[in-house]
């Protein structure tokens, strides 16, 4: 096991958004330059728009979380792209600092 | 007559499926931790759509159908498209909802509820009343026109952009049309219908151990879930004012009336008229909410879902179905 | 006599459902990656509860039942409530478990396992032994009293707060009572029972394509999952000492004995006595664990779940059912 | 696409807790002043209490993750409320810094 | 002859199950939002494996089988083990894939597709062609040998480590063997087979309401999902070059040929030969991909899954099954 | 409700990895000294290896997220262990700072 490795500073942008808007948001992220993303389906939530929770009948109350690691230089652009893709939809956007292995992924 | 309707209301009421809805609603209101896993609920709805399509297609294959369906299809399309205008007008008259919310609600009432439809067909079969084999195609036809008119109403005359965000109109509209036309429930219903039609009664026979025999039981479980979801959404709703709730009770009756008149004009059988009435009376809670979120995000799903699922749906399956059928029989049969 | 019991043990053993449990357990011990998705397992258990209730209700509707059920209900309630005292005492005598763990385990043995019950009814039917139509109501009745006595035992005389955290007693206790009384499995069992009763054999007939015909097969899949989960939990358990495992083997026999005596006193048929014995012998692994986590978080689920699901459940379905039934027949039949 | 926007510093509190305790924790968060939350159902986990993983039979081994973004001033109060709601139940609580768009949500 | 084959291709094509596959594929290509929840898809595949095993076991119990199965088992094992060599050689000749990718693809074609098998048995039953009761055991036998030879091919002669990372060879290989031998689908198939065998036709009878009657319908839903997944994976694939796609069309025919010759040599009935041909022709998309990820992470699942599921599977079920059967009948029957 | 409590600085290591590799990674974390972990099943993702998303047929495209809180002194070792366990498999690894209640868990 090698323990020497380089670490790179990135921004992790997390977006909790209604499931029906996820493909719009993902497209926006890709267009804004994100090289990848992860998506957690089936989130429940509460917020200004009340309780949200998938019910199997229609996707109108389903939430998902999108996680996108990007270079710090791209962070603002990506957050703006997500915000615009959500528009009047339901969602929140936030960012934090992370350190990654293997720079080439991001 | 009143006696007959009352007794069929009671008979309808005492079916396992409707009692399962009530059980689910009760469990929800009593804050029971009972819940149907989301994947199971989706699985049940996939099953129902596909099975309904399949059986409709197979029964169409077994019957002779010609050009006489055209006026029925036109009438169905028109009902779906124009009922939202009536609904919108009534909402404007009686509520203080925003334009977006009125358009969103109106779209739901132009479109249809498939579970209401299938409950009605069971009711007709139990009562020995026949109906046209192609009615499933009518269901599929009535799903989407209301979405278009609802969006038009929500935007008003001056507005020209159904889309959210700042992106161009045409792009979103193309995506949106695809999303509306190829949404899962329509694909399953029409796909099942086509498969049933092509493979005919023999094909259905092969798969009847899944799509015919257990059908009533699956409907029962699905209604259990609908009762749970309806009560959860009503409890969570902050948008259901009294005039809106009342709208959810008289609007189906108006829709049923329009459906009956149209069904009579295009020459459907008594059973067919009753089904067109119930389809017009019913409000969507599967396909339309998804379309509305995408096309009209300012309209509140906490308004239209509990209204359609928690007020109009139970009204229709408990009272509406025997009522409209009784009326049709009294007038036509 | 011994011969007969042995041969019925073997016959019972060789049913697809019990072999499916063994297959699941084997797969778990061999670290196979086989797993039933959680949503499917929940769906299967919803199906079973509801179907068992429904069939029980319908068979009750078809039979004449009067005041004679009251003593049976009282006996069932008492068994559920008092068996935990016996269990607690034996645990205190033979193990070094904490008071909370003893109370938690005791509650499980007072309550019942629905899959054990239904396996027993199948065994009786196959053996041509009848039983009272209202036994499903007895199952529902026996689910909860043990929770109360288990909590009392865990807290000891001096203790007065079943709740965790620092919040007031009354508030939690009210919530807790609601959670216990309206938990999903009880709602489904009693709700299904009520629907079956109201709609009767005709109602059941409509939905028998789902709730009757495939029932044995669903039970089979559910037992496959139970075998998997039991072996996983036994492998993960660090709390199962030898005296505890041994308790999981003799306690059901003691419970069965108490059940037989009570069943005999209240005048049940041979089949009814056997069922009351098996219910008393069985230990919960669905409703009680959830209640114990909420009310008694210091008791270790890594103890009571593998014990009830991995030791007592297989003992009962493989050996217990034919054994208790054989005993009852030898004494009463 | 507008790229100018303000960013607000918040605390993200994450709670991994047994599913059966989630409604207690959510109530506590709300009472302590959190304006919203997100919840990830069906987590698996390992820790001092052994392996935990939902099995469909009973919820006794189900874990969930609750995510709650709050103003920094509220963070300690929220964490204490979560800790007290968990009591003797199984769970962990941790916090980190995040930057959000749209202050009004939190 | 050509006429007959054409008409049976058409008859096969027009079955609900195959049309459901096409519906799923269409929905995927039209970007419909239709999706079968993952848990449901897994549940359906668990059902199919277990039901296929169960029925195979029960029909074996009802038939007389002796030492004559041995050569068949040897032939099946050999086919699974050696077909990858043929596939590897052809890939080397016609494509520019990496050694790992060629070995990975080759392993899939040596192994088998259970849904293809079951579609073929339905086709034979409909056509009134009998086959050996133990063929399900042959299916299980053919699942894994190809994994070993595929890995050998991927590593070449000089290589000695199937494992990723830097850990020692033996440890991973032991884990790997367990993962391959006890993987879920094999456990279900063989476990179901054993249960079916032990409990016999009577046992199957008890659970036929779930495992026999609805079987065709479940297959239909499963194929719907397979169509969806196949089209999604083909759309997402960046690795399917023309020579690879063409390989996915001729390789099954070569496999079928080898299967026929072997089946003829070991003295199977016409139906048995046809089944051995279709098994040899079919490519895995359940068990082998998982094994390849673990053992050969450098091989690209974006290559072998769309190839096996999206090209070879539909080719086999639409054209292959009637074609190979027709050939066998023409030569043997 | 007590609001005084101590807070301990830890590292949160998150690993998005193909589901089939998760048991290897979890074993490696445990061997490297992690006292616990949480795992989110059923993630979807996009990255250098294309789209990934569980399909129910085989697990070859399933992703999971593993979350592991450890002492800062262990962080590098844990990240290296995860990286080596993933080997040629598909996955990303990143770390961030968190503050925990109850030191004894980590």
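For clarity, chains are labelled A, B, C, D, E and F in written order, and residue numbers in each chain start from 1.
The definition used in the following text is that contacts are C-beta pairs under 8 Å (C-beta built on N, C-alpha and C of every residue); 3 or more make two chains touch, one makes a residue touch a chain.
Please read these numbers as outputs of a predicted model, since none were measured by experiment.
By the document's definition of touch, common neighbours of chain C and chain F comprise D, E. Shared numbers divided by all numbers used gives the overlap of an interface; between chain B and chain E this overlap falls below half, so the copies present different residues.
With respect to chain A, maximal separation of chain centres occurs for C (centres as means of Cα atoms). Of all chains, the one whose mean C-alpha position sits at the greatest distance from that of chain D is E. Computed centre separation for the pair chain B/chain C is 41 angstrom, with centres defined by C-alpha atoms.
Inter-chain spacing, taken between the CA centroids of chain A and chain F, is 18 Å. Between chain A and chain C, the centres computed from C-alpha atoms are 45 Å apart. Residue numbers of chain C whose C-beta contacts span two or more other chains: 36-40, 42-43, 166, 213-214, 290. Residue numbers of chain D whose C-beta contacts span two or more other chains: 1, 40, 42, 84, 96-97. Touching chain E in their complex are the following residues of chain F: 18, 20-21, 24, 42, 49-51, 53-61, 84-90. Looking at the complex, you find that chain A touches chain D at residues 14, 16, 40, 42-48, 63, 65, 76-77, 79-81, 83-84, 92-97.
Looking at the complex, you find that chain E touches chain F at residues 36-42, 44-45, 164-167, 225-226, 229, 232-233, 236-238, 285-287, 289-290, 292-294, 297-298, 301-302, 305, 309.
On the side of chain D, the complex with chain A involves touching residues 1-3, 5, 7, 10, 12, 26, 30, 35-42, 69, 96-102, 104-105. Chain B makes touch with chain C in their complex at residues 14-17, 19-20, 23, 26-27, 30-40, 43, 212-218, 220-221, 224.
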